[in-house]
Amino acid sequence: MINPFFTNKGPFSIKDISSSLNIPIKKLSNKKNIKDVRDLFSAEKNTITFFYSSKYKYLANRTKASYCLTTKNLIYDLPKSCYPIVVENVLISVAKITEKFYPNSIHDEFDVTCKDINETNLSKKVRFGYNVLIGENVKIGTGCFIGHNSIIEKNVQIGKNCKIGSNVIIRNSIIKDNVTILDHSVIGKKGFGFFPNKNKNYRYPHIGIVIVHENCEIGCAVSIDRGSMSNTEIGRNTFIDNQVHIAHNVKIGANCSIAGQVGIAGSSILGNNIKIGGQAGISGHLKIGNNVQIAGGSGVIRDVPDNKKVMGYPAKDIRDFLKDNK
Amino acid sequence: MINPFFTNKGPFSIKDISSSLNIPIKKLSNKKNIKDVRDLFSAEKNTITFFYSSKYKYLANRTKASYCLTTKNLIYDLPKSCYPIVVENVLISVAKITEKFYPNSIHDEFDVTCKDINETNLSKKVRFGYNVLIGENVKIGTGCFIGHNSIIEKNVQIGKNCKIGSNVIIRNSIIKDNVTILDHSVIGKKGFGFFPNKNKNYRYPHIGIVIVHENCEIGCAVSIDRGSMSNTEIGRNTFIDNQVHIAHNVKIGANCSIAGQVGIAGSSILGNNIKIGGQAGISGHLKIGNNVQIAGGSGVIRDVPDNKKVMGYPAKDIRDFLKDNK
Amino acid sequence: MINPFFTNKGPFSIKDISSSLNIPIKKLSNKKNIKDVRDLFSAEKNTITFFYSSKYKYLANRTKASYCLTTKNLIYDLPKSCYPIVVENVLISVAKITEKFYPNSIHDEFDVTCKDINETNLSKKVRFGYNVLIGENVKIGTGCFIGHNSIIEKNVQIGKNCKIGSNVIIRNSIIKDNVTILDHSVIGKKGFGFFPNKNKNYRYPHIGIVIVHENCEIGCAVSIDRGSMSNTEIGRNTFIDNQVHIAHNVKIGANCSIAGQVGIAGSSILGNNIKIGGQAGISGHLKIGNNVQIAGGSGVIRDVPDNKKVMGYPAKDIRDFLKDNK
């Protein structure tokens, strides 16, 4: 994944990594040759990756990473070019290493870099309301409106002709042309991702961003969290109603319609031309095909193939649901 | 419907209409004699109406409109006094004509007419917090409180003794006496109404308003959208809890109680003395009778007659539901 | 319950009480010896309590209150030391008496005591954004961040190293050390509690507060209402996702994880180490045991014992649910 916004503090040596994880690594070296942390697929030479479940064996086999955080019983599925680092809990170790590379990705305090828009160059370019604040590294195209009390925090790119409402907060996001965002929405905050720990849960970094493609409309009081290891994306011309919650790493295709109070849990991937009725929920890590229709109030807990209409909880074929519930 | 807030740019001639729709009309005239767009029932002489489904035949028969957007097979149900204009898609044509009459009803950018309340006459009349903004054409009665950072955008009438919390946004609405609105609510924005279109969905205008009657209470972070061709209404002494979403054209009666996170989809009509438990959902275009009770978490997808208690998804008689789910 | 924030206007005499309730009481006295209103359990000598249902008989038997609002058929369950005051509607009478002792607990208008943080001593101690407002009786520990436009209204104690986001509103709450609250959340407002009444519902006072214990994290746009006669509490190291609604008097244990859009109705009590999936709902007045797991989208309408995994609406054992819904 490309990280346009979070500064990579690497490269690090394997010795640095070893001491961060507080584990001994046999093949120690001081050479600062590890330049990034990546998933198995996008990893390149001189990056470190992670492999925690045999269901990713087919990706592990061909990873180009030089190092891999993994468990004892998985090391044989890695290619020779990839040096395994056996750890007790792969995901916690990934979190620690990611935080080492991208320390700024873990904190989401209010943006102290913000200034009154009148003190920035954008004041000549953008139509804006009272009390608009702009953070570091913000770019906004021509023809945009930014409503009262809205805060465009650091690391945001907004395209042309976008209409941002009032009391909106955006951070770590790319908003493409002709996008409308209504009042009270929050886009680009860290997702609900952490490892449970009795005294203090361990938060993992969110180095992904949110990308909202052209012509989208986002309603009032919508929350769209940024991704952890990948991005959260809303496809072009997708319309989202009020009070919808879209969790980290979710990817939604083009021309979708998502009604009020829908919730989509982390890492689910939705195709194009999908219609979702109000209050429906989609569990995490699912794949929803193109042209799918999900009735309002449904709870989707399994993948849905292309062109299917589903209803109920758990959601099933709409004809079966209506037959069973006459 | 009366439109107290949106300026009617008419009257237009049938020639103007013809060129807006980009369709030839036989009986062309330059006379600017079409003064409004109305539904079949409220249409008068010298207005244009629309008729797209045979289920409205009984209204079409007696409409007083002079012109009617309709389809080939419906023209015989119109009275002789009404000249039919056959179009491919009636609803898109209505949207175009409505936009022609009420161009301001389609845009919901932040209100650029807003001023700091200290620069208005209301500063002497109202008790208000920091950073309160007031738009054009706002009237507020005596004894009102407006909280910090709240924005009373253009076209709002607020009665006497109303308590508006902080971070509230209101537009195109009439709020009657003794109404309480808690923090972070948004009232009067356009609803989730559009015609799907591959490259860029086609938004239809929202010329309705929101009316909140006397003695109502609206919780935190509630969204109430204004109507498209009719109004959204909340009856007197109805109490609404936090995070409720009420879509466009919904009408709720008096003395109802609506618990947290309930969602009511567009154009549904609810009677008086209704109790709705938390997280329940009501589909669009339904009729819910007086004294109905809807259990929390239910999904109502059919009309509910007076005095009925329902539960489940789809909601059914509560005794049947509990018997089936012992 | 301890009421650290609401000023007790008592003591009152039984004559004062009698005239407030507009009922004759036989044993009238002018002595101002009633110092507080309490529930049956926490009542002491010289306080007034209430007893409205025989299911609380075991508490009524041993109450230490000197007076008790109750009904005709319940008076025999009170000890001799407690003088019964028979009223038509016990709960409405309690509301009236509570309002008499704590008149400030019934109104939740925006906080007129707020000042710009720059005019307070906190400006030297706290890292804060633009337009931060601080009410009366607010204490904030070292190492805290308060984001842009946030309003810390009256009667709030915030511990050390807390991170409060932007557009957050807090009132009548104790936030302990190392708590994170993300943007747009509202904490400590009155709950959805009232007695239905045709012309104007009768609101009962909320003299409870919200307590958020150490190391908690609260997501974006969450609402947590304060208690009516007891407190609303979130146990230490409990993490709450976006758009969650927690009603008055709810108590949640330590180390829980509550995903997006969950709703918990009033007075339910949850144990420790509970995991709740997105959009699940929990009815009011329930008891959920330790280590319980509730699947996303479930509707819990009965108590759940320790260590149980439940799913469905109404929620049942997850194995039964999945077997019934293959």
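Read from first to last, the chains carry the letters A, B and C; within each, the first residue is number 1.
As a working rule, a residue touches a chain if its C-beta (ideal position, glycine included) is under 8 Å from a C-beta of that chain, and two chains touch if they have at least 3 such contacts.
Here the structure is a predicted model, which is why all the values come from computation and not from measurement.
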Same or different, please, for the chain A to chain C contact, judged on whether over half of the interface numbers appear on both copies. different
For the two copies chain A and chain B, what is the rotation angle that overlays their Cα atoms, in steps of 5 degrees? 120
Chain centre separation in whole Å, for chain C relative to chain A (CA means): 35
Please output the residue numbers of chain A that touch at least 2 other chains, ranges allowed. 131, 149, 167, 184, 221, 243, 261, 279, 313
Using the touch definition up top, name the residues of chain B that touch chain C in the complex. 127, 129-131, 145-150, 163-167, 178, 182-184, 215, 217, 219-221, 237, 239, 241-243, 255, 257, 259-261, 277-279, 296-297, 312-313, 325
Of chain B, residues touching chain A in the complex: 108-112, 114, 116, 131, 133, 149, 151, 167, 169, 184, 186, 189, 192, 194, 196-201, 221, 223, 225, 243, 245, 247, 261, 263, 265, 279, 281, 283, 299, 301, 313-314
